[in-house]
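In what follows, structures are represented as structure tokens.
You will see subunit A twice below: alongside subunit B first, and alongside subunit C after that.
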Partner chain A sequence: MTGALELHTEEKRDITLRVFRFNPQVDSKPYFDDYTIQIEKGITVLRSLNYIKEHVDASVSFRAFCQAGICGSCGMRINGISKLACTTQVWDELSKCREAGIIKIEPLRNMPLIKDLIVDMDPLVDKMKHYSNWIETRMPESEIGKKEFLVSEEEFRKYDKATDCILCASCVSECTILRAHKEYVSPAVLLKSYRMNVDTRDAIHDVRLGELVKDHGVWDCTHCYRCQETCVKHIPIMDAIHGIREDAIEVRGARDTSGAKHAEAFMEDIEKKGKLVEATLPIRTNGVAWTLQNLLPMAMKMIMKRRTPPPPPLVKPAKGMKKFRELFREMTEHVKAEQKSHKK
Partner chain B sequence: MKRYAYYLSCINESMTKEVDRSIDLWQKDLGLEFVKLHESTCCGGSNLDYVSPKHFALVNGRNIALAEKLGLDLVVSCNTCLMTIRTAKKKLDESPELKQEVNELLKKEGLEYRGTSNVRHLLWVLAEDVGFEAIRQKVKVPLKNYRIAPFYGCHILRPSTVLGKDDPLEPSTLDMMIEALGGTTLPYEHKNRCCGFHTLLVAEEESLNVAAEALEEAIEIKADFIVTPCPLCHTVLDGYQAKALKHANIHSSIPVFHLSEMVGLALGYTEKQLGIKRHIVT
Partner chain C sequence: MKPFDIVIVGGGGAGLYAAMEAMKTNPALNIAVLSKVYPNRSHTSAAQGGANAALANKAKDDTVELHIFDTIKGSDYLADQDAVEILCSEAPKIIRELDNIGTPWSRLDDNTIAQRPFGGAGRPRCCYCADKTGHTILQTLYEQCLKKGVYFFNEYFALQLSVKDSRMKGLIAMNIKTGKVEAFPARTVVFATGGYAKMYWNRSSNAAGNTGDGQAIAYRAGIPLKDMEFVQFHPTGLRKSGLLVTEGARGEGGYLVNAGGERFMSRYAPEKMELGPRDLVSRSIETEILQGRGFDSPAGKYVHLDLTHLGADLIMSRLPQIREMSMYFEGVDPIEEPIPVRPTAHYSMGGIDTDNFGRTVMEGVYAAGECACVSVHGANRLGGNSLLDILVFGRLAGRTAAEEARKFEPSQISQEEIKDTEASLRSYMQPSGHFERYGVLREELGQTLGMNVGIYREASKIRTGIEDLSALRERFRHVRVFDTSDVFNTNLLQVLELKNMLDLAETVASGALAREESRGSHTRTDFPVRDDEKWHKHTLATLEQDGMKLGEKPVSMGRYELQERTY
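Presenting the complex of A and B:
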């Protein structure tokens, strides 16, 4: 009780910011510097860093500009999680410290480090270029400047949230697959790509989609939801990723890529058996040769442990499957009718 | 006895049969009764929602309606099934039109999705309905000699708008479960991270890198085993372990247990009874 009361009335206290330091031109390896300063309740991490730079150690390097959560410059990892320093209250971080009273500040992950808390955004910008993250107008050149493009509210709603992105790269820093492979498209670029692809003013939808379904593209996302969970603007990034996938299957068909084939297999199996036929999933996704080459040694071990999924004829259909299949097919008719009316 | 409808996950019916087998062993010990829904179907494994959002709503509206017909909450022991079915529930609860469309079809099977049954993970039921204190009192063989790395997996935590039980970036329920069973839970950076399961067949190298990182840390912190509440995470961390560690040039190994097996061990069941000997890494 006393502790809580104290916390409530306490206005100032000594807090340590443990800051990641590395200057590749001088240092052989990264290290941390501890800066203990008196901080008032209500002060942000960015203001604390500014104070340190002005009064304690001018060599600490970080990017910052608007101080209001608009420009996206001050993305960094605070107590292990990527966020904006300017919208993060020091007081809110105290309960998240691994060591009491020590807030750990590190640069964003998954991007090359320039110095201290500054990372190189160029690889991200290059990906935005690669995936054409801009609108290429479908208005004939003769009409440009003479006519307006009108966008309905319904159309705008599809990408309204995506336009909130300020490119702070928190999602990029938190991405599981980017950490596993630096060529991966990355969540921010997928979000932008989705936003451009649903824009009715755009002329290069199919070209962009063609790039997105290639290796290191949209199908490589592992649905971990870290990007969405850490988005400083609360953008449902996974909805955008799923939106691209839905579009890819609709426009390019379900036999187009291993990702699409894999996803479609769920639909087929549910209709047939109500259960996933796992034994043939690798073959249906990647073909026989890939499966033999990649999974045979493991399959042998699994056979020894009697862990292999049953072959298709032995997968027991869900009880009451006949009736369920009728409902499932009726829903297919609903979807077809809807697509037809959309095309009209 | 507390009763629940129990969802049959595809993977627990095929590759990880030990999950349901171990739950069957101890459910009565903890005053729980799980009624298996043999009519339930595959949830779509976080894929059906974008292949066909309408079928996704129908399939999972039906899965929940089966539990509602019994007047019971639906309990799930696979993270991805949990996230998927809860996502469908959210969509149905937020859209009266979608709910009506689904119910028009379900009517033909004598079912109705009303939104009355909650969809819960086995871990949540143990933590909330049985309680850690009650579990502690039931423990016959405390796991006191074990240092355990808790691997939560993604879809019991994120998206928090759909899951919302644990802090998605700093979860604690599984840690508390380990402590209740007498074990030592280790600080484990990868506890809230991904296992790589969902890209195993489309981006294998990436998945192996993801899995290797989680395994490497558990080995480094000298955990006796990893425990996970998700059979998909288990499939990667156990089944693909040798491949992932070879890929990362790490010469070691670490056992991976299901939540249901860890509970079973503390309640006095043997490794053989629980199916632990079926694991690839033993």
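Presenting the complex of A and C:
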């Protein structure tokens, strides 16, 4: 399967797009098709796919709409990384190929597959609804349309970057938690929740936060930063996730949920010993009953394999703890002072 | 299936506002929104610059009256003045309403909604959120619709109205995920499917799906289309892709410069310079290029949009998307170098003929937004008035449909009609007699329109265009859908969209040939002057038994008399 895609510039070469294929009507399992076409410098992956669809194989299926990086339709994995096909230059991908000259194109992960490069977006929309990701206005019904809210530059700046999100779901695809459990809220939804929660025009901050701290919510994130690294709009998604967590501890207290308790236990250990006391961490996070019920079988296995963490008295403070505690205190005060000035 | 009270076709700004307003007007109604993409993908998201409203936040002496006058003058006096009055007087309310429900408007120093200057406007009245205004409005409306529990049929492709004895019975659409043709019996149908400027293909800033689906369906059902010949060419499309650089870039102070280094707008609009209205600026660029003062490159001729003097800070804070696009699609960083641009087909002023409340001539059928022609834009739309149009008239159409829905009897769509439609779709996949490739026809459609019915038009060229179009329609009968699967058959969608564009292209070209004058975006080199005596009227294109017929409709005048339009 070959062809040529030209822009009338100087550089061109044969490049293979190895495309993930799956048609649920006929295929029992997915496979890859190789399409080798001549591509010039300056051509995007989407234009190459369009070319293949028009000139080589009309059955290759993918979503695309604006072709300008704003509608978010053409999210797919290109050489293993989730991104938009319309803003990705073929030439830039050449250095990222596992096999020289072969660009691998696959559907986004963590969402149900429909066909070829098309995945089902409904679960993401359902989560947006579940976490009430909309503004419930503070403006009384009778005043709507008559008055505008006054919003300071500083308030605006808090949600400005988050409103860049085009819901392309690249972050959802890259999320390591979602791979393990699909009920997890997901980074895009957390970002949207954060954007709503810092908006002074909104009236349901507490309701949303109450939902976010439950199971599969904000505390499940493991800070792998994959979402932020791959965000096509360069949004600091982890700042939003941390923002929700800080807000949760501040508003709801540190003993509110297992997530908050886990964070607190971490802090306590680090301050006391400079390292974690892992043996008691589950108990301090989730309580004795939960730990016995959920972790006993694993604990037994760990004992059999001699992999149990040392009991608390054997966890000696790390070297240089005195200096460390000073630094720790200084840091804590600095953060507190900064939070105060933010509030003003 | 239980009949719907309202079926809204299209999930962009107009469709979503219609849905929200319809639910508010009568919460007991059974309302559905059908969209061929997830609503948040709609082309409203691509509107960068902003929405006009005389809030008088920036210029304290701005008024609704001034906005009305600018709009009427901008339309080259073809807009209906009563409709423009609704548009402009509703504007401040609707912008505040969006603020109330979460649109993240940029702010002025006094914390009010920010406004910037825009082409053809006497005051800085364009409300914006950086250069992502449409995107943030669309997000806000989608969020609110999810909140209200609007019932969405995402990824459904509308095929036709079911009409019996000139009574509309509902809509027939294809579920893209399954390939099944489904009936949506409905008391009312609201079309909000966006524009048709993608028919110019590579010389268009539009999304791939802006193929005039709603207009084509209405047209084939016998509903007249109005002023189809008026297609706006946006002055600043990127040279290689036709993608858009917002007018906001000139609003913020960008210069247009020819190959001689001259700010050539001084010769065409000495007062407004780069901020002249779009039709004038597009013609000026085209003239510069035609007279050999443009730059040349293998990817086409162009002029420069120079932002370098604005400085990195302003470009990063107010025009970040533009910078990104210039870098992605032209390899140019506007902080360092000028952006290569040329005019690109951008907006369709024409559309389904409606009254001021979204009603069409067929009972129970409504239209709003770029899909409709009320007309508030006349022969040329002002920047910042299209977002406003979809909001104001999306809301009005939703309200009107909600108020009138229960007046119409519910009906059913026969299984036979569904089966026939299904069979007609399958027929594209038959190998015998089907050999034309979709991509080839679409390419030729864009080329002939660009060459013969583009910015500069004349009778002989348009006639060539019309001949090309009829040959293309003939060849379309042999077009083949090569993908035979039911699930997500995007090849079939492309072919159906091409059919819509081909049907509408005839109305654009025929309207352009008939209108023997130059007005707004429609420039006839053989009739270079506006002819109010003969042509101060709307054109109507109606599909009858024996083909397309052109008719006319008077323009509603008001307090503004016809004047020469100079800037």
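Here, the second predicted complex is superposed on the first by the 265 of 344 C-alpha atoms of A that agree within 3 Å, B and C clash if a C-alpha of one lies under 4 Å from a C-alpha of the other, contacts with A are read in each partner's own complex, and residues count from 1 in each chain.
What we mean here is this: contacts are C-beta pairs under 8 Å (C-beta built on N, C-alpha and C of every residue); 3 or more make two chains touch, one makes a residue touch a chain.
Here the structure is a predicted model, which is why all the values come from computation and not from measurement.
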item	value
Touched partner set for A:Thr176, first subunit B, second subunit C, both or neither	first
Which superposed partner A:Ile114 touches (first subunit B, second subunit C, both, neither)	second
Which of subunit B and subunit C A:Gly72 touches, first, second, both or neither	second
Partner chain(s) touched by A:Ala58 [first = subunit B, second = subunit C, both, neither]	second
First (subunit B), second (subunit C), both or neither touched by A:Asp269	first
First (subunit B), second (subunit C), both or neither touched by A:Asp164	second
Subunit C contact footprint on subunit A (complex, rising order)	7-9, 23-26, 42, 44, 53-55, 58-59, 61-73, 87, 89, 114-116, 118, 121-122, 125, 128-129, 132-137, 139, 143-153, 156, 159-160, 163-164, 166-167, 196, 199, 201-202
Residues of subunit C that touch subunit A when the two form their complex	37-38, 40-43, 45-46, 55, 93-97, 99-102, 104-107, 109-113, 129-130, 132, 135-136, 139-140, 143-144, 146-147, 154, 177, 207-209, 240-241, 243-244, 298-299, 321, 324-325, 328-329, 331, 437-439, 481-491
Subunit B-facing residues of subunit A, complex	80-81, 96, 98, 176-177, 179-181, 184, 216, 219-226, 228-230, 236, 238, 242-243, 245-246, 249, 254, 258-259, 262-264, 266-267, 269-270, 274-276, 278-279, 281-282, 285-286, 294, 298, 301-302, 305-310, 315-316, 318-320, 323-324, 326-328, 330-332, 334-335, 338
Contacting residues of subunit B [partner subunit A, same complex]	10-11, 13-16, 38-42, 44-55, 58-59, 62, 101, 105-106, 108-109, 154-155, 158-160, 168-170, 187, 189, 193-194, 196-199, 201-207, 209-210, 213, 239-240, 242-243, 278-280
